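To keep things simple, chains are lettered A, B and C as they appear, and every chain counts its residues starting from 1.
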């Protein structure tokens, strides 16, 4: 296990730039311009809740988070 | 598509719009899905399956700009003055209705430009949560000592109004003035025949009110979207007013229903309510499921085809109005297993509660967080809440659907 | 111990060679598909699978650390990790993979997912200079970050494909002076054609890149301390630089299969539509599969031509099909039907594509405007739509995917939103493949499963 407490991968083909993740976890997800999503794939534990909220909010369910109980 | 089948489905649609079925239109939506596309008597094509609606909302051959009366426009099942009211909408930008002149009623490129500007001036990040919590807390505090509350009048309406006023920069104390205008305009959006007439006056008054705010912000900048847009070089007062107005109306008329429908659903599923009390973060997937299960916006009638478009085995001719039955699509068994089951932890929930495509709900970030905060606090603090009327009395509108009152008995407030 | 044909789930040993995206997703798919036997993942890097796309973007700009890129994994994956010593040989008959540390790993079924590496600078002495870097993995990214942190006078990016362009974008976001050289007439010419590539050129220049097209670097020169300081171009100019990033495309990691008897070569490992690998006689094997960048497979949508795709989505979807087919009898296998999809984020713009743009001879802007850098471009071949590219118009892409799957007529005649006043059909201007470019990320490799030698496909209209 590499160091990061939280692991994220976004399917950027699915992503259409709705930006809901940016609203819910602005410390992890940033939109450059309108559609270029830059995110931190390995944020600290304190971001886990915002990231889980962000993943639920994605209209195309493009965000995968490694969750604490192990469910992907 | 046989004539009989079309007539049959037109009847189903009429019954969906009929106020008598406001409390539970879902069996009717299921019947509607039997014919994924059919032509309603007024010439509009009704689409009700998930896959087809999703595809249409990503199809550049459909647009909204010919539809100038915002959301709603004659869908009446029969003859009558209202049936053609889409055509009665009047000139773009000046018409009554939510979208008059705002980007919800525009196509790209004009749409994209305005929406982009509005986005840059509208705060929707998690920074809004503390303020929402404060307001929600205050509203619930005021329920102390009561044995019975109306969740709509005492919570589900005032919370979104407060939030949207703050985000727009509209003085909250003006609520008694713009509430009746908003009500009148919403009534005008009711797609049933005869409902569109009252709003012109309200619309003009609201426009005047908003224009006044914008002019003040041009002179003395303040907080919120109106002030931000007022300072933008490339925007006319009319554009700012139209945008602000759309968001003011949409920002509370829909969110009220999200919260009220949400609380109603929780009260009907008490085991979920109890879980929510103990596990507040359940609210996150739960709100998404509410957006699927009881979407505040049930029907989206604003699109028109710009060219012939094939949907399923149908060909919808160029220049046709399309009516998207989102509430039907959200319960499509081909997309959502066991669709009539309310499952707060449902996975793979790409619902249409906030639409999809370029017109995806502008305020979704705000609405979603508002519902999360609201339902968590209600679950936490209402002691032994029980529905006093099931079904509760509903608002008349079938498109923006929700309870007018939600009477609840409580033992107390924590 | 080879179980009865078609029966595999319960036991047996699957070895996946390649511990990156394709390898990991295959392992997850195998477990989800019910595989309960031994599962070994072999990787040449000492790291568990990590995501590469961020390396040329937010990692390079310093926003994210290289080691933060580890990919999420299903819990309970139950994999034996053999990391840090890659595969160096394959004994097909003996069903054994030889590793760099001298160990052997036996298998019942094998998945080849060794991917690609960056094409190195052709002059080894110059390539060994400090500050001359190719960007493929985490360690490369860390090295390049250190060079950028040192405040170079100028960064040279050699090659304006997607990777080179993204690297230039990240460097510009750091306020560094950047020169990009590109042999073709425009950036992204191999992937998107020169007509759309011209828009990319404007995008680069608007963002302060010193872009030089139609030019190549002939040599790199270092100082006494062995650090790169100068580059010579074939137009006679010289650049004073402190970093040279070599972004000349990718090479398939197939050397370890030399002599194995498989249909593997510089163009990749050939496999059928079910991801089963061909041997060198063109006969499909039973127990060896391939997925991801390393594979070349026939695409029904594109005349069953073998395509080698360097796309993220291809790695995942092909890995999942390969895993499924490993676990199922013939009648239940799935063909790999995938329309290529791709994204690149550069200079604040999201560029996306669907289909195979290099198949297109013509291109037309159907939505938006290239002047605004927001548009949809559709590519056509023989009167059919074969690809679409969007700049900041990604919400529309799935419609065009549908058009491609239907082989919709080209040029499109329908009315749509944001339609330009004049719908002008232009030549797509893909460079003649005889002129090497950075590498198009979709490599058309002809119709033969056994062709191992590298031959450049002839220009437009020719046949392999």
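Here is the rule we go by: contacts are C-beta pairs under 8 Å (C-beta built on N, C-alpha and C of every residue); 3 or more make two chains touch, one makes a residue touch a chain.
Please read all numbers here as calculations on a predicted model, not as lab measurements.
Student: Is the number of contacting C-beta pairs greater for B-C or for A-C?
Tutor: So, comparing the two chain pairs, more contacts are at A-C.
Student: What chain is most central when centres are computed from CA atoms?
Tutor: Chain nearest the overall C-alpha centroid, as shown: A.
Student: Between chain A and chain B, tell me the centre distance in angstrom, where each centre is the average of that chain's C-alpha atoms.
Tutor: Once rounded, the distance between the two centres reads 27 Å.
Student: As a quick test, compute the distance in whole Å between the mean CA positions of chain B and chain C.
Tutor: Each chain reduced to its C-alpha mean, chain B and chain C end up 43 Å apart.
Student: What whole-Å value do you get for the distance between chain A and chain C if each is reduced to the mean of its CA atoms?
Tutor: The computed centroid separation for chain A versus chain C comes out at 24 Å.
Student: If I count partner chains per residue in chain A, which residues reach a count of at least 2?
Tutor: 34
Student: Where does chain C touch two or more other chains at once, residue-wise?
Tutor: Residues 374, 395 of chain C touch two or more partner chains.
Student: If you look at chain B, which of its residues touch at least two other chains?
Tutor: Expected reply: no residues.
Student: For a test of understanding, state which residues of chain A touch chain B in their complex under the given definition.
Tutor: 18-20, 22-26, 34, 49-50, 52-53, 56-57, 59-61
Student: Taking the touch rule as given, give the residues of chain B at its contact with chain A in the complex, in rising order.
Tutor: My answer: residues 116, 119, 124-126, 281, 284-285, 288, 348-350, 354, 356, 360, 364-365, 368-369, 372.
Student: Would you tell me which residues of chain B are touching chain C in their complex?
Tutor: Residues 55, 58-63, 107-109, 112, 306-308, 318, 357-358 of chain B touch chain C in their complex.
Student: Could you list, by residue number, the parts of chain A that touch chain C in their complex?
Tutor: Touch residues, chain A against chain C: 1-4, 7-9, 11-13, 15-17, 32-43, 64-66, 69-72.
Student: Okay, in this complex, where on chain C does chain A touch?
Tutor: Listed in rising order, the residues of chain C that touch chain A are 47-48, 50-51, 53-54, 57-58, 63-65, 67-76, 312-313, 341-343, 345-346, 348-350, 352, 374, 392, 394-395, 397.
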